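Next up: some structures, all given as structure tokens.
Each of the next two complexes has chain A plus one more chain, namely chain B in the first and chain C in the second.
This part shows the complex of A and B:
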């Protein structure tokens, strides 16, 4: 039920920012033990520079034609669009699965190990199906509330940890190994999946300016850097004792006797994963050529749920579906290779 | 307007569903607030002081070699609904520090339900005996720890700080608080030397 009225591009970039932060909230990735803060910061800057580059092809298409990539591809290659659509649908199913599994893992490890994980996934998907059917505009409006909530939550988490800061000057030395750099960069690069979301959904927006992308990616990078800073200088060795350093930070935040903001962390995680999966369901709709269709959203949600059941029953499937190297490669193809191909061969295809 | 309301309601319900799934009825849960590690008849004894409305302390003692074993034993044999997420104070008798302190801290750091800001201190043998008779004593200990923490900046009084000192490569020794209860409560500092 996507309306035809275009909404401001800023709102989509706000959605992209919120979707991007789900990566650090849901990842049980630990920064390398022997790498310094400065080294990790360097890999973060590299990864986010690459992420910004991933946006370029779709941003060019949007600036030149005011179309999203799928509409552009549909006009350029009406006969081959089915293959492109199929690839993007598969990519989005993989991405949705990636985040759903990560969220359910976090739920199981940090919140309730006795909960029925399939019921959690089913409830989450049901909410996402509704939001996905409502369209990007509705999700965008919802994102304003989620952004305000996240802003307050992160403000409390960071300010509550200031009193715990212990600045260790050795962390400012440039120390780390090549493999650490590759691991870190690959992990931070996971946020580039937002470039594909932008490529597919940017057609619904108006007043697009390239600086909006730079701002959105920049703010996400600053947030990641802040989390990394507090992880290094508040948690120290403790960060390696458990997964989810952001969760630990929410537990160590305190104002006098008021402590433990882990419920805020869990709420932001739930809200951001809801945004990610709703947006992905919306992207799937768009990839199939329809702006919004309940049967398509429902059908793909069922596919995602079936895959989720498989992932939890067969560990090999789970490992495959939660591999961020695979996600990055697929993102690179979806956000850079295919749109660039269309950009450069645009004229030939026209002829 | 109605649709907006439904969307907001769905967002809020997604928070509530995740946040309340692990809730327990307060009267059914056995919430441990303080744990002491002492010695009885030559064996290490972990005592779990539970939240209660009675005037005298409600506690269960478990003989175990480590905190991990004590938690498992307590849950399986004595307190099935034991909740450790509200644990505020962990007190170890100084004579047992070499035996249990480091492993207990490590265990606590690995479990998500323990607060990293939980107060951890050493004490003399009298304090563990006094705690079973005086319900207000843990609060007094905490107040003393807050005061000494504000005075001595280098002192480690919570599990986060003690863990970092034990397991970082930098410090060979560090200071923790020590409760002396011979006459009245008095907080001192003890230096812990740790081989890295």
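This part shows the complex of A and C:
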């Protein structure tokens, strides 16, 4: 394992892009019935603008000191680092749980309703533990293959749906309610968890340019917009009654008699969740001050699994763990509040 | 060593435990005071004719002018022996090393030194085309067992003083000689240092083949079913790798030469690619990559689809497959596992038994599995076709056959238990493992991950020689190779 080797920051941003798309792949997101495509697009642009802003504090730290936030905090407040580490570990456990539950729900609803959901979570976590142990560099390299596969898969899903497109001009009118806007924006804002991943892992990277963040967030937004566009103009009214619109899109895609592109959707969702949880386990390691440590990765995977069992046995816990409002608030604290506090308080570091 | 010839001979005899092949030819050299001497050889390792002509005849017919044994010893070295290779030494360890390497040892009474005379004459296999790396165009020469002949095969192709052969010994019992071979201006000193260290720390008793050393040469924490150590029996392949900054390890007694560092994409390159026209070589490259994926995934995906997702089969194929599968008694996973298992048994049997019998095994296999098992309804024809296609595809990239076999088997089992989802996750494990692997500090998946556009001219495509020859990309210059390599070169 090459733990000492820094990799290009472009690859971390690629990882962040892939992690970000898991949000739309796993969300049983119903488009608001009274909101037009243009209205949804507006919420998307707002949410992604906010997401880009979430990256700013850690990007400043990286540009000024070439350090990630945890290393920066460790140098600035060595006595308080234990509390910061503990908070970030809790945040990452919550985020991992959020995606694990969402994925298992999707698995249960769309792939196999007879499967033992605990076994599914356990196998997925076991794979993620292995990846988390191998380190960010290995996950980053792996993301190149996952990106290639996802690119081809999305290309096939979109192009397979072109023949089903029915452009409804009323969707281009700005129509929607305030509550829809808040709901949509909050949902799209969940991708901002990637800003915290960037904050913690940016220390492993080299050749960082702030525009890379804009590009990464931008292409995630474009992909979301494309999915929304096809959802609105292919599924139309049908989309309101169904969840997992991206799954439906992949199911309706076809080239003549060739169908079955939902297998691609199921593969991409598994791959992206694998990436998200592996990255989070890596972030946990980094938060505890280790670059990759098997006991730490394993211990936190066990915690995540125990929480997962609780979530499926107590519905209140599940509701709490899958609430994107809570995730957004925690993300805001982790990505913006704490790093900004560190940036503007205490002694300055030699840059 | 002792000054006494008798004592020296007794010691050597004791060391060899009076082995039957340990032979001593006593003689008396004619001088004013006749001096006793002896030629020590290991039977079968030396040429008797050469010993007689270039050692014994000159010694016995020469009249020594000096009287002291020391001076006679010097006179023998400078004026008597006609052999081209003469080495003086003074330890018993060296005596053992030289004698077991086919040298004749000349001991003179009254001196504590000996002379090793190069008279090697053991029988060996001649230079022939390697069966495992057959090419359509290009050299028909392959490495053979004696080290010196293999060195010559390389030197004949690279007539540059840059080419260095560095001798080492491994195996505490076998004392196997090996040669580190590299181009000193191309190789990374860090890579070379690491390889030397790993060979020096190898604590094997015997080294009989290159496979013994490969595990010692792999990077720590890089455990994988894929090998980070390349093997070739072709001098032209080895020479090509040397020019890219790699190190070759030639081992005495085996035609398989180790090449380091070794990358995944190299498994898809062959000498023929560079002899053929670029467009055809590119087509073959893509074919090889596709074959690799078919060999690994086809049976697993078939099992997963047939068991859990039959809706993914095209309608026509679904009807035929389900008809075929419904008439067999076993579940599809077990069916695929059994066929792969039987196929591997037959392949192994075909490899081990004499060639004429190999055909018989093929016929029995084809008849029993191909005809009888299907017609008896034990297995379905669609399953047989899937496994056969995967088996054929696995031979397209024959160096990857071992990992392909293990992965194919694993994916069938995982696909049978967890379906497509299991295959996706298993692929993640394999990918992470491969991406984390390094070969002497160079990422194993280099060119693909970390991605290098420059290197792509010789990965999925084979660019024409005009572009390839513009700049040879040295292996230590690949992205994310341990920083020190790139900085020092």
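Definition applied: the second predicted complex is superposed on the first by the 344 of 351 C-alpha atoms of A that agree within 3 Å, B and C clash if a C-alpha of one lies under 4 Å from a C-alpha of the other, contacts with A are read in each partner's own complex, and residues count from 1 in each chain.
We adopt the following convention: a contact is a pair of C-beta atoms (placed from the backbone, for glycine too) under 8 Å apart; a residue touches a chain by one contact, two chains touch by 3 or more.
All values reported here derive from a predicted model rather than from experimental measurement.
Judging by the criteria at the top, classify the pair chain B and chain C on chain A as clash or fit.
clash
Regarding the shared-chain residue A:135, is it in contact with chain B (first), chain C (second), both, or neither?
Only chain C; A:135 stays clear of chain B.
Could you say whether A:214 touches chain B, chain C, both of them, or neither, answering first, second, both or neither?
In the superposition, A:214 contacts neither chain B nor chain C.
Does the superposition put A:317 against chain B (first), chain C (second), both, or neither?
neither
Tell me the contact category for A:5 with respect to chain B and chain C: first, second, both or neither.
Touch status of A:5: second partner only.
Name the contact category of A:145: first (chain B only), second (chain C only), both, or neither.
In the superposition, A:145 contacts both chain B and chain C.
Report for A:333: first if it touches chain B alone, second if chain C alone, otherwise both or neither.
Touch status of A:333: no partner.
Where does A:270 make contact in the superposed view: on chain B (first), on chain C (second), on both, or on neither?
Touch status of A:270: both partners.
Per the contact definition in the header, classify A:343: touching chain B only (first), chain C only (second), both, or neither.
neither
Given the touch rule stated above, what does A:309 touch, chain B (first), chain C (second), both, or neither?
Neither chain B nor chain C is touched by A:309.
Taking the contacts chain A makes with chain B in one complex and with chain C in the other, which residues are shared?
Of chain A, residues 107, 111-112, 120, 123-124, 127, 130-131, 134, 138, 141-142, 145-146, 260, 263, 266-267, 270-271, 274 contact chain B in one complex and chain C in the other.
In the complex, go through chain B and note every residue touching chain A.
3-4, 7-8, 10-11, 13-15, 17-19, 21-22, 106, 109-110, 112, 115-117, 160, 163-164, 167-168, 170
So in the complex, which bits of chain A are touching chain C?
Residues 1-2, 4-5, 7-8, 11, 107, 111-112, 120, 123-124, 127, 130-131, 134-135, 137-139, 141-142, 144-146, 257-258, 260, 263, 266-267, 270-271, 274, 278.
List the residues on chain C that touch chain A in their complex, please.
221-222, 308-309, 311-312, 314-315, 418-422, 424-425, 428-429, 431-433, 435-436, 438, 441, 443, 445, 448-451, 480, 482-483
Okay, in this complex, where on chain A does chain B touch?
Where chain A meets chain B, its residues are 107, 109-112, 114-115, 120, 123-124, 127, 130-131, 134, 138, 141-142, 145-146, 164, 168, 170, 235-238, 241-242, 247-248, 251-252, 254, 259-260, 263, 266-267, 269-271, 274.
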